[in-house]
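After this come two complexes, each holding chain A, first together with chain B and then together with chain C.
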Partner chain A sequence: MRPVHQSPAPWLLVVLLALPFVASNYWLHVAIVVLMNITYTVALCAVLRMGYLSLGHAGFIALGAYTSVVCSVRFGLSPWFGMVAAAALCGVVAWGLGALTLRLRGIYFSLAVFAFGEIVVAIARAFDWLGGPSGIANVPRPSFFGIKLDTHFSFYWLAMALAVLLVTFFARLEQTRFGATLLTLKTEPGERLAESVGVNTAAHKAACFAMSCAAVGAMGAVHSMYLLFVNPQVFSFLMSTDLVIYAMIGGTTGFWGPVLGAGALTALGEQLFSVGYWKTLVYALILMGVILVVPGGLSAVSALWKREMTPRGGR
Partner chain B sequence: MVLPVVSASSPAATAAVMLRVQSVGKRFGGLAALTDVSFDVHEGELVGLVGPNGAGKSTLFNAIAGVFPPSEGRILLEDRDITGLPSHRLARQGLARTFQLVTLFSELSVLDNAVQALHRHRAGRLVSGLLQTRSYREESARWRERAREALALLSLEGLAEQPASSLPLGQAKLLAVAIALATEPRLLLLDEPAAGLSHEESSRMMDLISDRVRGRCSVVLVEHNMRIVRRYCDRAVVLQFGRKIFDGAPAEMVNERAVVDAYLGTGEGA
Partner chain C sequence: MSLALFLQALSIGIVNGALYILTALGLTLIYGILHIVNFAHGELYMLGAMLVYLLFVAFEWPLWAAVPVIVLLSVLAGFAVERTIFRRLRGQWLQLLVATVGVSLIVQSVSWIAFGAQEKTVPSVLEGVLLLGTVRIPIERLAAAAIAMLLVALLYLVVYRTRTGLAMRAIEEDEETARMLGVDTDRVAGVSVALGFALAAMGGIFVAPIYSINPGMGLDAILMSFIIIIVGGLGSITGTVLAGFLIGIIQAIGSLALGAEAAHILVFVAMIAMLVFRPQGLMGRVR
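On to the complex of A and B.
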């Protein structure tokens, strides 16, 4: 196994901690959205690295968001409880869905989880109790030791803490023996060989998928608290594809790939938001450019660079 | 187990039975690929599973290796019924295999391939892994040492840092055996380990299997090269049309009319 990478965390953490004291509300809003999308993308990448293209992660974000909103609005429970319940439910549902669908490779898996995402959104749209097409408004925000997180400044800390926790989790997961085993499942021969040396590949894949979906579910809950509402449109299929685009552009491996991809494009997307369709156009053009020039994503550029700079054979 | 010893002619018949294949049959739709095949593999034995193309060798191999369950019969590993167990559970019971098409963790280094093969010993402790505790890291270092030992068994230790995908076929096939051996099996199933290799590479492979692998576990070798079976195997089991037609010392194969007709009659292979 590889040695533990030098952690990029210290200075990045300093930036994240200093940001709310220097940034305006607008930039704090951008930062919160960026942090949420980075978390979604990092969690998605755990599944992508295993060789599975999930086009249904928005469905799990929606499931998390709706779970937490139902807990707080319909049952009057604490938003904190809603967040934990969202993660738990998404993990359990993903485990079940994964056990059924991770046997399928390639397009079949992608379409199966895509269908799941559509089902979640369709159910939310169909039942008035879940808000129907217009969704549920007046989602309460949580309090932290008596401080209600109802400003950009205060909410930033929640989004940032959860993002750091989850991103760290997945970065560390890659360094564990479990994470190394997940990487060997990427191809069918690799999976067969892993199975032959005793890896319960079905359980490994389901566990990885469940972790990924529990993470996006928890962040989905925070997402709904930030927006103060949920509706079926927010978590559409396009959100799933956006996450895949972030991962493809940034690269799925290592710490920086998904972080850079999601960070840069989300910040850019927020800038392009006012002009609507420009966002789609710019994303599409960047994606085409990256796929043609650096198929491994932006993080592959630094890997290429490193390979050039490192003397061969050394470690 | 009160069962008659099926193959009395084996020189190792007195040793403990490692693998017992009991009246195994396999049908694919209307096609009987295997019919009533029984044989034993004793502890420390190197058994060649021989037969012309389409004789059912691969079907039998796959049935033992848990790729699919047999339609009839039972398979016992050290008296434990392993019929129909999935392959990851077989690995934990002490059964390892190689693949006819060389299969490696191609994106990993040679050493990491062997490290992955230690899975059944080193799995677990995810929380310690996430925290990267000292004991977890020390344990990982120990597994790397053990993986190096597994590579050394097949004289691959000098290639430890190479990417597995860069190995030429001969060394790739040795690595495949090293991976299987690193699981510390009681029984090793090898699917044509020498196929596709040059004469020298093939001799080297078989010498290593004979000298270094045999002492560690029982081996079943699927092979259609009769010379290899005669030279290296303790015993040969010959299949034709899905039935066992011979079970005994390899040197006696050529005296057996059925084997000559089925297999050698068409020219002695290589």
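On to the complex of A and C.
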């Protein structure tokens, strides 16, 4: 097996730091959207790597976004507080849902989380206090030492800082004992083995799911601040499936799979499609092509190529 | 809530439940063979309803010609999807599950592009209302529910009284042993998927005159179906039938008491409660 973690190139950080000084507002917008989607996808992959498919991550993004908006718009609290509250609430809810469903077979988890995602949106739509079908507008943006983040340039730094922080967190997680344990849970024999040496697998899985959802909740809060509004349509099932598509096309292992999958497809989507259904159709067609030809995603292709190049070759 | 109102809600719940069961049963059937839940299932339901609109309303075909054609198409679609996608990915549950999501997204987005976002309606086929004391049930819904129950009985016969049904149950029990004993798993998988697809399409056909039709309706159906099969126990036909009625009734009474959106939440709470107290579902086995 190839190394699980390649060190993310420092030049990537240099590019991210230099970008706002050379890019136009339009490209900064693309960069912000790309960074948000990369964060969501990397967090989703943390759950995928332990062998569980979440089909409702958009529900947690929505929970984070709505929590932060309710804090800032309804209670007049600082957006920073809203962001922390969003992460905390998403983490706790995910831990509870995970504790219930992760001890069952993977399909129960996928179905329950899917239902959860739909219900969050249904709740948001049902109550006028949460904005109802039209959502809540005039979401305030936070200030950083007196500088209000109300331009693309200033907001980019917030989105970028949070994205780098969270992506690094999940990349580092794999190198810890906790992260390594999570990887063993992917297969049933692996899980039994871990249990036999005294690992509390259920607690590990629930904790991993909680971390993933806390991360997307925090980013969801930033998402709502960037959009300046929230409504139920933004966080539809299609958002959950988009994230799964990014992950499956890029490949779920390693650092580059989810990052490139989300990055390339989001940038492409922002460029090509103004109508949602065409975007969904093209994404889904690419997805089917990749799954049927290279089930491991595109990052598996490079691994396959490397293996062909080694003296023993093949499998 | 007065007794009359309660009984009215109960009757709505039972009739709706009977229709939910059709879609959910196909999921159960496919789960038994492939061990994944077919996400594209709701799209068959949507296509069933949409094709009723297209053939019966737009092309003005008679109903006796339109319905068999739709069912035949769904059976063919079942064999085709099993052959081209499910068979290639068997054993890789993650890829398989995501592939069904992919199929669902393709069908849905093509339908939005082809049919547009405008709601479509199919005129009632049967007029009239049945009066049972104070309870009023539209004849059309009653007929749809009755035919749905007839189909469920038919499915029972197929699964428990035919050789193909025996093979299905054998594969569900232990696929490797079944194969060793000469069961053609590929053929049985094809038949199961085709049957499941046909059931979902029929669910769509029955609701076409009852609800308005749009390409997004499959998602609502699949959400309900998932909750039903979790409550009933994955892979259990009897459990699916019981849970379908239960969820239908909870939803109808909840809608009456709390409103339609809040009823959704109530149904979700029922599912969570099931996962807490009896994770294997009403009739599921512990594994």
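Keep this in mind: the second predicted complex is superposed on the first by the 298 of 315 C-alpha atoms of A that agree within 3 Å, B and C clash if a C-alpha of one lies under 4 Å from a C-alpha of the other, contacts with A are read in each partner's own complex, and residues count from 1 in each chain.
Throughout what follows, a contact is a pair of C-beta atoms (placed from the backbone, for glycine too) under 8 Å apart; a residue touches a chain by one contact, two chains touch by 3 or more.
Note that this is a predicted model, so its numbers are computed, not measured.
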Room on chain A for both chain B and chain C (clash or fit):
fit
Classify the contacts of A:184 with the two partner chains as first (chain B alone), second (chain C alone), both, or neither.
first
According to the stated criteria, A:196 is in contact with first (chain B), second (chain C), both, or neither; which is it?
first
Between chain B and chain C, whom does A:293 touch in the aligned arrangement: first, second, both, or neither?
neither
Which of the two partners, first being chain B and second being chain C, lies in contact with A:104: first, second, both, or neither?
second
By the touch definition at the top of the document, which applies to A:22: first (chain B), second (chain C), both, or neither?
neither
Dominant contact partner of chain A by residue count, chain C or chain B:
C
Have a look at where A:173 lands relative to chain B and chain C in the superposition and call it first, second, both or neither.
first
To the nearest 10 degrees, what angle do the lines from the C-alpha centre of chain A to those of chain B and chain C enclose?
80
In the overlay, chain B and chain C get no closer at Cα level (Å) than 12
Mind listing the chain C positions that touch chain A in their complex?
31, 35-37, 39, 85, 88-89, 92-95, 97-99, 101-103, 105-106, 108-110, 112-113, 219, 223, 226-227, 229-230, 234, 259, 261-262, 264-265, 268, 271-272, 275-276, 279, 287
Complex contact set, residues of chain A against chain C:
48, 51, 53, 55, 100-101, 103-108, 110-112, 114-116, 118-119, 122-123, 125-126, 237-238, 241, 244-245, 248, 277-278, 280-281, 283-285, 287-288, 291-292, 295
Which residues of chain A touch chain B once you look at their complex with the stated criterion?
1, 4, 169, 172-173, 175-181, 183-184, 186-187, 189-190, 192-201, 313, 315
In the complex of these two chains, what residues of chain B are touching chain A?
65, 86-89, 91-92, 96-97, 99, 101, 103-108, 112, 115-120, 122-123, 125-126, 129-132, 137, 140, 143-144, 161, 179-180, 182-183
